[in-house]
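We just call them A, B, C, D and E in the order they show up, numbering each chain from 1.
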Amino acid sequence: MAKQVTKKSKDSCIINAAVYQGNERLCSVNLDEAGEWAKKPDHIVWIGLYEPDEKILKKLQKQFNLNPLAIEDANQTHQRTKVEQYGDSLFIVARTLESQGKYIALHETHIFVGKGYVVTVRHGGSASYGPVRLRYESLVHPFKDNEQFITYSLLDFIVDNYIPVVERIHHDVEQLEDRITKGPFEAEDVEELHRLQRNLLRLRTAVAPMVEVCKRLEHGDLLPVPPDIQELFRDVTDHIRRVQDEIEVLREVLVFAFNTNMMLGQVAQGDITRKLAAWAAILAVPTAIAGIYGMNFQFMPETQWQYGYFAILAVMFTICTTLYLLFRKNDWL
Amino acid sequence: MAKQVTKKSKDSCIINAAVYQGNERLCSVNLDEAGEWAKKPDHIVWIGLYEPDEKILKKLQKQFNLNPLAIEDANQTHQRTKVEQYGDSLFIVARTLESQGKYIALHETHIFVGKGYVVTVRHGGSASYGPVRLRYESLVHPFKDNEQFITYSLLDFIVDNYIPVVERIHHDVEQLEDRITKGPFEAEDVEELHRLQRNLLRLRTAVAPMVEVCKRLEHGDLLPVPPDIQELFRDVTDHIRRVQDEIEVLREVLVFAFNTNMMLGQVAQGDITRKLAAWAAILAVPTAIAGIYGMNFQFMPETQWQYGYFAILAVMFTICTTLYLLFRKNDWL
Amino acid sequence: MAKQVTKKSKDSCIINAAVYQGNERLCSVNLDEAGEWAKKPDHIVWIGLYEPDEKILKKLQKQFNLNPLAIEDANQTHQRTKVEQYGDSLFIVARTLESQGKYIALHETHIFVGKGYVVTVRHGGSASYGPVRLRYESLVHPFKDNEQFITYSLLDFIVDNYIPVVERIHHDVEQLEDRITKGPFEAEDVEELHRLQRNLLRLRTAVAPMVEVCKRLEHGDLLPVPPDIQELFRDVTDHIRRVQDEIEVLREVLVFAFNTNMMLGQVAQGDITRKLAAWAAILAVPTAIAGIYGMNFQFMPETQWQYGYFAILAVMFTICTTLYLLFRKNDWL
Amino acid sequence: MAKQVTKKSKDSCIINAAVYQGNERLCSVNLDEAGEWAKKPDHIVWIGLYEPDEKILKKLQKQFNLNPLAIEDANQTHQRTKVEQYGDSLFIVARTLESQGKYIALHETHIFVGKGYVVTVRHGGSASYGPVRLRYESLVHPFKDNEQFITYSLLDFIVDNYIPVVERIHHDVEQLEDRITKGPFEAEDVEELHRLQRNLLRLRTAVAPMVEVCKRLEHGDLLPVPPDIQELFRDVTDHIRRVQDEIEVLREVLVFAFNTNMMLGQVAQGDITRKLAAWAAILAVPTAIAGIYGMNFQFMPETQWQYGYFAILAVMFTICTTLYLLFRKNDWL
Amino acid sequence: MAKQVTKKSKDSCIINAAVYQGNERLCSVNLDEAGEWAKKPDHIVWIGLYEPDEKILKKLQKQFNLNPLAIEDANQTHQRTKVEQYGDSLFIVARTLESQGKYIALHETHIFVGKGYVVTVRHGGSASYGPVRLRYESLVHPFKDNEQFITYSLLDFIVDNYIPVVERIHHDVEQLEDRITKGPFEAEDVEELHRLQRNLLRLRTAVAPMVEVCKRLEHGDLLPVPPDIQELFRDVTDHIRRVQDEIEVLREVLVFAFNTNMMLGQVAQGDITRKLAAWAAILAVPTAIAGIYGMNFQFMPETQWQYGYFAILAVMFTICTTLYLLFRKNDWL
């Protein structure tokens, strides 16, 4: 509760805000001076926000001269995964994943990138970008004094976080597949299949448009990208496409599982019907015979015989046994 | 009734017709002078019609020099969602949605846009564009003295009206999904699934071509669009594509629901068949035995025994119980 | 019979052949002079043929210098819907529709267009183009002295004739949809669904390539088209695409109907199996009890009791009623 | 046997090899001189081979300076249908069809075309190109002194040979469709459907890439083609696309047949289950009543009545008849 | 065990490393001098590695100035099949196949190609490229002094190794198809179908992106390729597309098999239900009659008749036989 109150208090949504020269952290920065710092050559302002209120966003807009439409989008979730260019700045919307029990939850991160600044806006359970910042501060890398390198690091982090989720689904799908050879699915297997299909669909919703985003960044469709950064973006594209390929394969595997199970169900239904029929036939014989000798006719010669009863028992037994063997031979039993 | 008569009376189909300079409303305007007003620099004539008769449309055509083919289209409903360029004017057909009980009804709005004028022609239950006009008149916005801004406002309004409809379907689909885990569908669930599929199809019919329309307006394929308006159209494109993505996801979710239900139905059918078979087997035993001892043979030693009856009852009970336990163990019961 | 003989007699396949200056009919024309008339500036020869024999086609070829491959095609039916350019003339193949009882029949019209002439060749039940000619002769229209305007009029007529066919199918599909809520389909509903699928497929065969034909004419890919005619062709494209969209929607509606019905069938099968099982269980009780008391053991105490019979009847009744009520509660009955 | 020996003997695989000037056959030609003849202006060497051994192919390669990769391909079957350019020569692989009983067999023809020569290499049951040669030698045609005209004639011949095969399948598909209205399929109908699907798939394998081959030849992507030959290739493209369209329609018709049959099967299954249930119910009544009066209670008043037996028979009969009529009314019987 | 230790020992992962001038092997080469050798004109260093450790890869990177991202990829498996250009070098990832019992395992080979060097990095069960090296050393071929020729040879080898795997699946699919005509599938046939679908999916995963890789190499999108090498790459493209076509056909054949089997299962289910119903009806007759004459009414005239018993047996027999014959006639039995 207290936490939620804190979250709403002024600036509590600012997770981190600092100026960097190269990858060296100069100082923390106040939102109201961020624009000026960003304009200094070779300086980069990197601000991390978590579910900011409108006031903060308005400040940001003023500092970096952001487009009001982008700011409006950043204030809402349920945006499409996309990258859009507004003047000389980019607005990126990326989906992040979180395993919630058996289902996958989708969250969002919005990124503003422009000359001299990077702003991340996290919503919901998006993982913190603290590790990205730490790595940035600690690594020595030729192109680190570049807002596009930070953008790359963020997207790389987001995409890398997809992989354990996909791997878990992969694992669950394989378990379901192993289940196939053990006869038709029970209700809980069917529900598991449904759950996996839903998760894969949700995953695909997040991943598929991300390929487009990465490709556009890689090819410098929007802003010119130096070749070495281009190679980095290509690497992210490659990772995300690997995830996408995996999703498509898993989706198809589930379709196979569905079809195979429908067929096995049909086979099982056929087996059981045949078995039922066979036993019904076997049992019908003594019933019919017993019925006949249960009739109350006064003159029924067999009933007078000394061993009629045993004879008829023998006849019943013989016919039933013969039928049983015949059905066995025909694989009905 | 009276209303319908009114509707047919002269000019009753003109909902609003005014001249604007910037976003300031100068005066109402008569159709016969509309053309002249439109030609004055920085003046915009904005006319709102509702199911106009041919005479009105002919007047319009004359005033704004509209293409007769577009006028012919505007006089009929069941047009395709589209944008078409005739000379230096645009003719846009957009679908509007209305929830009618459990189903979605599609209506139409036709928009004529040219230098200095915007004409909207509503058909059926299309929502009034009064709110758009009010917002236009009240807002201060750098590009408001532009017929393309009004076009944007209209399309934005239309697309925003799609969202509650999609959300309602989304909600219904989720309810149906929750239903899945409660065993195979009843007939009314199946009908609900069918209804949702139909509504999504109808929705897609309205939405899918709208993406194309917005994109063409955004990219200025037809008329040159200033960059700031372009960004606004891009925003509409983004909204409509979000709706489209949602529709595709919901369609797929329904397919999953269908498949899952078919499988659950098969599972349930198998369960019931097995249960049926088990009980038939259990009951067949006393029937067969009773049949045998119901035969009228004169010499049936067991029937003479003092406790034969009780013995045989015990045998029956033992066999039935054993069978019952066996079936339980095999999960048939 | 006589008619057929006539049809084969010389020139009986020439339905109409006339020279026009503007839209004024100058005179009828003999095939042997058609070429000369066509060469006069502002004159157009318009010839309408019905299943012509090879001799007539050869004459045509000579008069208008047509391509032998096109002539060969025009002599056969079962051409693909297409437009092809041979030198400076066009050869168009269009499909026409005819409702024959419950099914749709496809026919063909071939059109040759070149500078100064239009030749239509009808096959099978293609509707006569008399109305098109009448309208051409009666209308005052700025671009009527143009062979491309006639081409447009012909295609417009053909496409307009698709609409009632689609509407009839639309009506039948809706009736089938209403049928869904009344429980699983009977055999005749299934056959109706099949008939509609077949008709839609046939319709699509005719319509789909027509979109391409109209588009190519609209964009002047083949011959240069003046802008005002271009708009007319665009209008035809628009109509044909509306028909196409409708076909796709109807096809999908039938798929939904199929799936919904499969599910309803499964539900109904489950219901009936449960009902069957319940009644079997209820009836098994008196049968089993009666069987037991039908045994011929000498010592069966209950049978000696004064009211044993009535007691046992009461027991039977009680068990059956209890079972019945239980099954009701579980919705099996 | 003898034939096979002959086939393996030297040059027995050379079916025909001749030099033409225009379409006039000058003389037969020896492989070792073929190259020289081909170089003479206006002379064309046309060689027809049937499953040649490697030695012959090596000779060919040397004479016409063919590419070793193409020669390697020509020595093997199971090539993809394709056209490839090696320097200034083309290598075409086309599939030919042969009806073998109920199935379609695919064979291959490889064609080498270059300045002054055409070489055909037939494999398996490909039809002889004798008729093409005969027509070439007999016809008077403006462009006959052209190796591309011969290529056209060969492809035209190959494609024309597809048509009877497609027509036969069309006929079989229609027969299967007529079968639909006669109730659910028997096993042999299902197998027929499967056979047709397989044949259509095989056909499509042969036809689909052929469209690409013809289009590339038509558009002169590979070697420059004079306009009149281009029109001829376009004609072949048109034929092959007609075949392709037909295949796609037939494939879809089979899908409809499959679905319709699944539904009819479900309907039939429902009918029979209902019928079964109804008869079971009707028969259960006398069984239950007879069971009750078959019990051996000492005091069962009805059994003492004079006409108890007849009364009970009447009761049985009445109940059974009533049930029967009720089931009839409900359409269960 | 010993082998594994060896594998981990220094340089044990270097399978072969040699310098070639033309196709003549000059000498083995140490990794630390490889870069210098590669720079000498007309010399090519060809290094074959098997699951190298990071140290080796770092050395390689230094020698040939490779991109660190590519090196990172080469150190991991589960890369996407791809070709990527880093400066003037290429990095190729190709999948290799291995039959493991009934399933196909995918392995990987990574290839670095640049001016003067080719490095192959095998992972898992990828076949050794020894044969490619041997053929290279023994063949006389005009373009052998070219790193692209070696690239071609490697890809050709990889693709050729796909063919036996596809052929084995082809064989298994055909066997499954033959199985169809022998009635509905048993559970093991269903599992076989599932196994084949899974293998084909895995195969497609490997093959489909390979087409793209080969095409890009063929068209010289990345590095300029001399025309004669281009023809060689085209040949590989052709092979891989043949494999791909085969996979698509086999996938569709399995779909047909699935559908056919579902239908046959339905037919069989219908048959058995009808048969069951028929026998139930036949057996119900004697049961009902016997039940009636088993009742204990005191006055049942038939039971007093001398030959009542035999008469009733005759009646039973007649009715049963008649029913049997009727069912036979209706094809229920």
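Note that in this section a contact is a pair of C-beta atoms (placed from the backbone, for glycine too) under 8 Å apart; a residue touches a chain by one contact, two chains touch by 3 or more.
Treat the numbers as computed from the prediction; the structure is a model and nothing was measured.
Colleague: Could you tell me which chains make contact with chain C and chain E both?
Modeller: D
Colleague: Same or different for chain D and chain E, where same means more than half of the interface numbers show up on both copies?
Modeller: Homomeric contact, different residues on each side for the most part.
Colleague: Can you work out the whole-Å distance between the CA centroids of chain A and chain C?
Modeller: So the centroids are 42 Å from each other.
Colleague: So how far apart, in whole Å, are chain C and chain D when each is placed at the average of its C-alpha atoms?
Modeller: Centre separation, chain C to chain D: 26 Å.
Colleague: Among all residues of chain C, which ones touch two or more of the remaining chains?
Modeller: Within chain C, residues 262, 266, 268-269, 273, 276, 280, 287, 291, 294-296, 300 contact more than one other chain.
Colleague: Which residues, counting only chain B, touch chain C once they are in their complex?
Modeller: Touching chain C from chain B are residues 67, 69, 73, 78-80, 82, 84, 86, 184-187, 190-191, 193-194, 197-198, 201, 205, 258, 261-262, 265-266, 268-269, 272-273, 275-276, 279-280, 283, 286-287, 290-291, 293-296, 300, 302-309, 312-313, 316.
Colleague: List the residues on chain A that touch chain E in their complex, please.
Modeller: Where chain A meets chain E, its residues are 177, 180-181, 183, 231-232, 234-235, 238, 241-242, 245, 249, 252-253, 256, 259-260, 262-264, 266-270, 273-274, 276-277, 280-281, 284, 287-288, 291-292, 294-300.
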